[in-house]
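For reference, chains read A, B, C and D in written order, and residue numbers begin at 1 within each chain.
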């Protein structure tokens, strides 16, 4: 660990948890291994979010599941492959000090309560409910697009834990602010925005869709302006901490999200080109930033753009 | 125009070589694969069926490369069944590479099966540096031996020796690659040992090299989805085979809890090697 | 004109109109001047769509209204500035042979019927109804997000013209296929997909939103995979010609859209870097393509990806 | 790292020069603006107020450039009122440039008001080619004359003459720039005439040059939103001032139906010059 932040000038508060800095791993990126989480922590990450976990193990879709589109954008339809609640609670069972949010995905209240009951005794910070994966049926966005289901699921998770709950929203066919409002009313403490956007890529030589699932989710540089907009709108209209996500590839993007209203910022696709050390690089740059701007704490910039 | 390694190239299979009844080499033209470094892999797309990681096999024609497939599950079988003239997609090459130390003079290259693919590319680089190369090709039995002619032809220009071994002694020396290696170590000093093949074989090679304090490098495999450090499916302890590997050195390998012990399945569950 | 397409191998049919090739100008790009339309026609464009026209002239938002984001993506909140129906019908009054679709925008049935009554005697091919501009209140997407309003407006336009009507849909908070279905049921003949996506960019030095309207629409390279997905889904589920739009910058992109299911393809933002001659360049490349692939007509590839 | 002209640079105003009561020059450091070609413009962002096109004004310090604003509507007034130390945003420079023919020896540069901005940059390029330069600076009256000192200083190193004229004769020669030009044409041969200023003035210059078969180039203005060829607001006949201009030649200009006649308002309606 080579970040010396004596004044905690980078620490941020998400509901009642404090992160040493605002950088987080986005769900689904390197998100199934405790050893990797420990490596990321050595790289000065603020917190990690795990791959979205379901009750039963899921193999996901056949390959191709991830396509680099060029220009720092990616298309994926991994299909929520994950080892399931039991194997994954074993994976995290020895966790001591890594700040982990477990991402949850499922179709029914029963599934969510089963998972939270299993996970809640682990050393974890909280949960992120994935209501926005755009390429798996009866899960993710298909739940997010049904406000009644969102209400019930969030209430169920709330009943089974006292830890903070973030709800991850995306650009689906329910307005993002509406969806966030329903989640907050049902007991969520934090909103994560955004997930990938439904998209597709076709190879013109073979004339075939490239992803095995044909349709997947767009991430990376392409979606940053959409993520910034969602964070700005949600944080402006609702009194709730927001975690920004989408297209972050440098400290400048972290700052832009925070100015838009994000308390913390998740980083995903860019790991494809920059590797885990990007967290260390960004954290160092953020430390420089607060020094140069003479900020006591980086939170001073959260939502500043709302003034204008 | 400069093509990025991430750009999907659609290439036509121009030639197919049957290496054994279950192993074939598919040859195609692709500048980026031609220029691959030893240990690097391609993500090979079999349209509407699968995309699988494959080491970049050498080919003697300029601008050409190949993949050598062992027929196994859905993806490799589909690739195995491609005909001349069929197209496949490629991205990559990805990953790091076997390192040839500046003052190395004599090296040992040791592997088996399709693990020979990156080793032959390594040999082709080592030849340019005119190193003294000993290459051991292991197989379970005679009918699984392949690449022998290729290896002999490749190594001809330099001081070298090519040894074949089979577990059952049906061809070449009798014994495993690790047995042959320990024999070799008695009368030779190698600057480095390079290995690729079944993980338990590599484990044996690495342990033996470490015990003898000889630098060693191994190219590993794990189940891969993205090939570029995003999905996490190829994790090996805290490392990613696709981004931090495929080549790891003896020091890294000796600290690993997963190497030779366990890998992750498609859903990310940890599975132990039997 | 230097395209020699004797066999009409590039001509495509949109409802009952035939275009000499599938390239079209996207609405809002260079779209207010008959002289420019004539120049584009000399550059071998298939058809032009005008800037969206409203009943009264609109000044639009103050600058900045268009932001190049880099990587071929753009953010805009022009605010539908346009000269209004009367000035614009004068602008087009001498049109003879330029294949023009007039884009219409408005809030009420009355406005649309007033416009169509004025325009319908001009030499034009048809109309495109903009139900998807994401940054002007009570127009565009705010109408598109209300299926009842869509139904009424399309019916009104239908009653006042026998020319083809395309409805331009976008990624708003009503599912794009649902919206398209409502439009078709109300009498639309063609669907154009997609418009820009609601997005935002904040300058981190001044901490201020850059667009005067703060929020605008994302266009260009970033949105192509989303456009491809929408065209694929709409053309697969509905029996209707679809015009693809979003992030086209080369003949390859035109082909990808057509394989996905588009009959014609609109081109917008890329004019910022390549200028009007891009239409000539793309059309020539398409002619090469049909020759190399031995196609009698380019329409043979429309929707081929649906097979896989 | 190489900055693209499309990247928004936030620069601090380091110096402000009052040219007349309604004209100011704001100086800032920006490598891309410093390297602007004559006739190119910047899109100048006054945060949360406006973004307006401004010709890139020269400055004698390396790496520096400037804009010279005439206070007029919302945007230009806001810019006019910036103080030293305030920041503005820049993108560009955009557009084509005045062309100096290879075998030109003697040129006439003729303009007025803020139209002198691109002409001074043109002069700074012409000087490097050691051309013989005649420059005419026109204004309505004495108190609207500016850049005289700048022009004289700039042109000192070469064979040149700087002439000032005012409509009312309150300073320099009496008469419009067109009057002065026709006098000059009697005793001089110019290889090319360059002009920028009020459109009706340019119209006069261009018509006179065309009549005398002298090559002429004019840098035009139209209302601009995007500055990069997307929005269409700057259209002039079938041309775009931002992408095809700002500089047009005598042949193009003589075919235009809009030049000197009409422009488009913010909503795209055609407005006639009074």
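As a convention for this text, contacts are C-beta pairs under 8 Å (C-beta built on N, C-alpha and C of every residue); 3 or more make two chains touch, one makes a residue touch a chain.
Computed from a prediction, not measured in an experiment: that's the story for all the values here.
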*Between chain B and chain D, what is the separation of their C-alpha centroids in Å?*
65
*Please compute the C-alpha centroid of chain A, do the same for chain D, then give the distance between them in whole Å.*
51
*Round to the nearest whole Å and give the separation of the Cα centres of chain C and chain D.*
36
*Among the residues of chain B, pick out those that touch two or more other chains and give their numbers.*
48
_Multi-chain contacts only, two chains or more: what residues does chain C have there?_
208-209, 308
*Topology of the chain contact graph, where touching chains are joined (line, ring, star, complete, other)*: line
*Chains touching one another, given as label pairs in label order*: A-B, A-C, C-D
_Residue numbers of chain C touching chain A in their complex, please._
69, 71-73, 75, 171, 173-175, 178, 197-202, 204, 207-209, 214-215, 218, 221-223, 225-226, 228-229, 232-233, 252, 255-256, 259-260, 301, 304-305, 308
*Enumerate the contact residues on chain C facing chain D in the complex.*
28-33, 35-36, 38-39, 51, 57-60, 62-68, 70, 74, 76, 78, 81-84, 87, 91, 203, 205-206, 208-210, 212, 268-269, 271-273, 275
_Complex interface listing, chain D residues touching chain C_ = 4, 6-8, 10, 43, 45, 47-52, 74-75, 87, 89, 91, 225-233, 235, 237-240, 243-244, 257, 264, 266-270
